[in-house]
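In structure tokens below, several structures.
The same chain A turns up in both complexes below, where it pairs with chain B and then with chain C.
The block that comes next holds the complex of A and B.
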């Protein structure tokens, strides 16, 4: 092929990519670079577009801010508890759904319902379930006292109780999507493998561990990666449960901190927000890289 | 080397409930199958697709339960036993090799399932796996993944995995259908060799009559769930029990004509071709094997010659006859005697002598064989 032809054909390719590329550059790449620059500009004022100097002060401020450290701690607890738990429970449920024949479609629908409901509405329902008011202790507390425990204020009470509600809520919200993906992954495993295992006298548990799991490992891996990223970016769920004054409730997340720095009552500091955002970006990137490294050994495509 | 088993099928029947809402009749996949498969033999289950041969295999393996009838391995009634307790090895059509495991792990897999007193040490397992791998000649490939192997190699791995537990019966479901033509020839010899060496009773399913004929000790021809004929391949070929078997076996296929028996003579169209013995007067189908024609100038059967195809070993004469059910008649003429083919021009009449043992008569309605002549 001569050079001109090669150029023509690659030009055509770029032309096809152009619309998508344009949007990505304008709304993704440029803002990302901008945020990166802001994060090093000390005392940036978005109204006057001025700053005092360039350096790492923003980072040092953010890293020494107790609210930020609280947010990091909350986010990490949320990620570490919800990602493995939700994936594990989703795997159990979808294995269950996959192994029953009657009413399978019904169960699939029931388990998928939370996915189509609004986050804030679900959050409100959770609040009503858990919240203690002057008039009632909430349904959950009613159950606790029923079984002889003492009631706890889950929404305005101790830290662990609030964290419990948040984790419970997050797991419940992300579950439908995971179940959907895993059920379809499970049903796409060729029946012949199970027949082969059956003829060889493989126990149910061993079949699951040695055949089913490796076969659906790409999907599990996908769910873990997206689960990590999603949990690190948690914000709206927390607002739905605990309102907007998250710092006071000790329930802020990293994204919540970024938001507060920009628009909150104590806000108006785009430089600090940018630094926090870049730190979050670095954390997510690191975790994803670690995930990829681990997956090389355990995921079979 | 191995204790193999005769397999006895008694009145084996499998019905599937109909999914058609209007027609509630069950689909009968296997209908009253009776057969004693002798110990240590290679048996080919043969038939067109949908004839119930794979279902039969699944019933023997235990993956499906028969509606009625019994299955015996030797003296033991295994009808109610689950597959893992039957002592069978099964090779699937698509091999079903676990893609995430290496060849070695695949072959080891069945051994690792053994429990209790059968449990083997790691070293014993490796020995057995190696032995099975050597038998099918894949001991060089032990650390590869299935997708790094060719189709033929995957097939061998599947056989090794089925053999590693030393099954009493080996079952192969369309073992050659995923291989290309050359590999198919090679692999079927390989299956024959492995079966001879291990002396395991082996049953394989195929729709390819040539495949079944070439390596089986016995073939079972099936159609719509019903066994048509059981016998040694040559016997079935030389003496088909009905028109279906005659048509199904042999390439090129048998030539079928409309004919009639009148006063002890067989007529094809208007031509009196041969003695028909004691057969009463009736309309019949006449099947003539391609090798049943001899070129002879005063032959009793005439056809209009379309063309002559020379294919090295033999010559095939393609011609037409009004009484033929096929659009063309194919006669295969051996080249052992030198024949000057130039004398046969297209669209001229050519005369054949028919060899009586290559001519079969079938009843017009039942399509069952009518024996005549020496029998």
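The block that comes next holds the complex of A and C.
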């Protein structure tokens, strides 16, 4: 009797879990195993679903593909520029927000807007602002010439110009999340510490370095880690600016390379796509581990 | 006497310093606000300029004296913007609804029921949270293609109806509901399902609303999966639609009409955000990631 009851309740528990489990097995667990299998199947043909052998050829192909190397280079540049810069600016802005009373809500609302906009749609606006066409130099170039510079095509022009727009847009897109997190972290620092510092006559800068930063360091590191992960996966903002043919624009990212291998004009190679995706995963995992190690030494919990 | 003037002097410099600092702060904050708002202003402005006026401006103007709504009419007639919007609405509503159903039951099982293997199952669920989408999307693409579900709503919707993270979030919330309520209900002979519906869901409404909003934002902006899985224009979502408009629609140069489309696509989420501002921001700081 008791045994039957236990069995019944177990069954019930699993029954409630069933929908979630089914979806997770089909769309997550199975694909996760499958992607590794794909990545080792050499010469896979998606039409006949056959392959020649098993080995590391896909990895070596991907690692020697100039498009992939370009994508890796682009992604690393993007990560190295945008993560520190966006975190730094977000810290500056959050400190600013926290020190004012009037208009504070308004600023916070405005700063959050990019989060709720469609990356593709607003990317198009950025493209128009920066693009130089036969009819018009575009607004940004107008500003540059006003200040005495010479105009440059940021969308179809030199590499550094394109990279600049990409970094700028990426920072614009990731800022709301960082400002939000840092503002709430800053406002939760215990006011008594500041009062104590004031009594001691500590300068504002010193207070910030010695009290504020250590107190919010867990949140800063959280943002740096998620920032790294997010920037390594950059894709849709790049498409928004430069269109879908990213290899031709020399602006492809690792994720973009994966999708190009999978689908589209250059697609039909799930094995190469899998190998590239696993390489990306390995890079992200390594960087995250390094980040965690560094944070263990420097973060005060 | 002398001391008194000294204090006044100190007070004065301190006050002046304070004014300078707060002015600099406001200037800085305003600069960033302008950077954030300007693209929005520019897209609305451009969408109101007529095609001829826009193309004759070699130096772009910061305002327009003859606004026109013609571009909005063009956006709906020349390309299938209406279709994209309907598709995205269907996709968003159905995905969110199925997801809420799935995660509520899973969270209930983890939070309230006792069964064999629960802890191990939960551990497996948690570890799945670390799997990036890019790793599983390749096989999902092949699976959906093989099932002949490309260019169909099931193919679009089904892979994104579970979220381990939201299950986790909801489970934490369910666990805060005191056990005594559950046992009282049991004594009254209430079934588990009824308890879930009548007690747990109403109590956890704030969390469910937060999850709903976050999912709606995610669905409305999703681009990668829909792009892989649809190449028939009748199934495009807004993101793919905008990409299509950019590459083929309107003739490449009709930028005002493009901007009208961009405005139409952006408005729903911005309105949603302004209505549920507190909820959205609170929800994102608890469980959002973007960047």
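Note that the second predicted complex is superposed on the first by the 274 of 301 C-alpha atoms of A that agree within 3 Å, B and C clash if a C-alpha of one lies under 4 Å from a C-alpha of the other, contacts with A are read in each partner's own complex, and residues count from 1 in each chain.
Keep this in mind: a residue touches a chain if its C-beta (ideal position, glycine included) is under 8 Å from a C-beta of that chain, and two chains touch if they have at least 3 such contacts.
None of these values were measured; they are calculated from a predicted model.
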Exercise. So if we stack both complexes on chain A, do chain B and chain C clash, or do they fit?
Worked result: fit
Exercise. Does the superposition put A:220 against chain B (first), chain C (second), both, or neither?
Worked result: neither
For this session: State whether A:9 touches chain B only (first), chain C only (second), both chains, or neither.
Result: second
Exercise. Counting only touches as set out at the top, which of chain B and chain C does A:198 meet: first, second, both, neither?
Worked result: first
For this session: Return first, second, both or neither, reflecting whether A:190 touches chain B, chain C, both chains, or no partner chain.
Result: first
Seminar exercise, completed: Max touched-residue count on chain A (chain B vs chain C) belongs to chain C
Exercise. Looking at the overlay, does A:281 come into contact with chain B only (first), chain C only (second), both, or neither?
Worked result: second
Exercise. If you stack the two complexes on chain A, which partner ends up touching A:124: first (chain B), second (chain C), both, or neither?
Worked result: second
Exercise. Between the C-alpha centres of chain B and chain C, what angle is found at the C-alpha centre of chain A, to the nearest 10 degrees?
Worked result: 80
For this session: Give, as a whole number of angstrom, the minimum Cα separation of chain B and chain C in the superposed three-chain arrangement.
Result: 7
Problem set entry | Doubly contacted chain A residues - partners chain C and chain B | none
Problem set entry | Contact set on chain A toward chain B in their complex | 190, 192-193, 195-203, 206, 210-211, 214-215, 217, 300
Exercise. Which bits of chain B are touching chain A when the two form their complex?
Worked result: 61-63, 82-85, 88-90, 92-94, 96, 98-100, 109-110, 113-114, 161, 165
Problem set entry | Complex interface listing, chain C residues touching chain A | 21-22, 25-26, 28-29, 32-33, 35-37, 39-40, 42-43, 46, 55, 57-60, 101-103, 105-106, 108-110, 113-118, 121, 125, 128, 131-132, 134-143, 158-159, 161-162, 164, 167, 192, 217, 220-221, 223-224, 227-228, 238-239, 242-243, 246-247, 253, 255, 258-259, 261-262, 265-266, 269-270, 272-274, 277, 280-281, 284-285, 288-291
Exercise. Residues of chain A touching chain C in their complex?
Worked result: 6, 9-14, 16-17, 19-21, 23-24, 26-32, 34-35, 38, 46, 86, 89, 92-93, 96-97, 99-100, 103, 107-122, 124-126, 128-129, 133, 135-139, 142, 170, 172-178, 180-181, 184, 226-227, 229-231, 233, 235-236, 239, 243-244, 255, 258-259, 262-263, 270, 273-274, 277-278, 280-281, 284
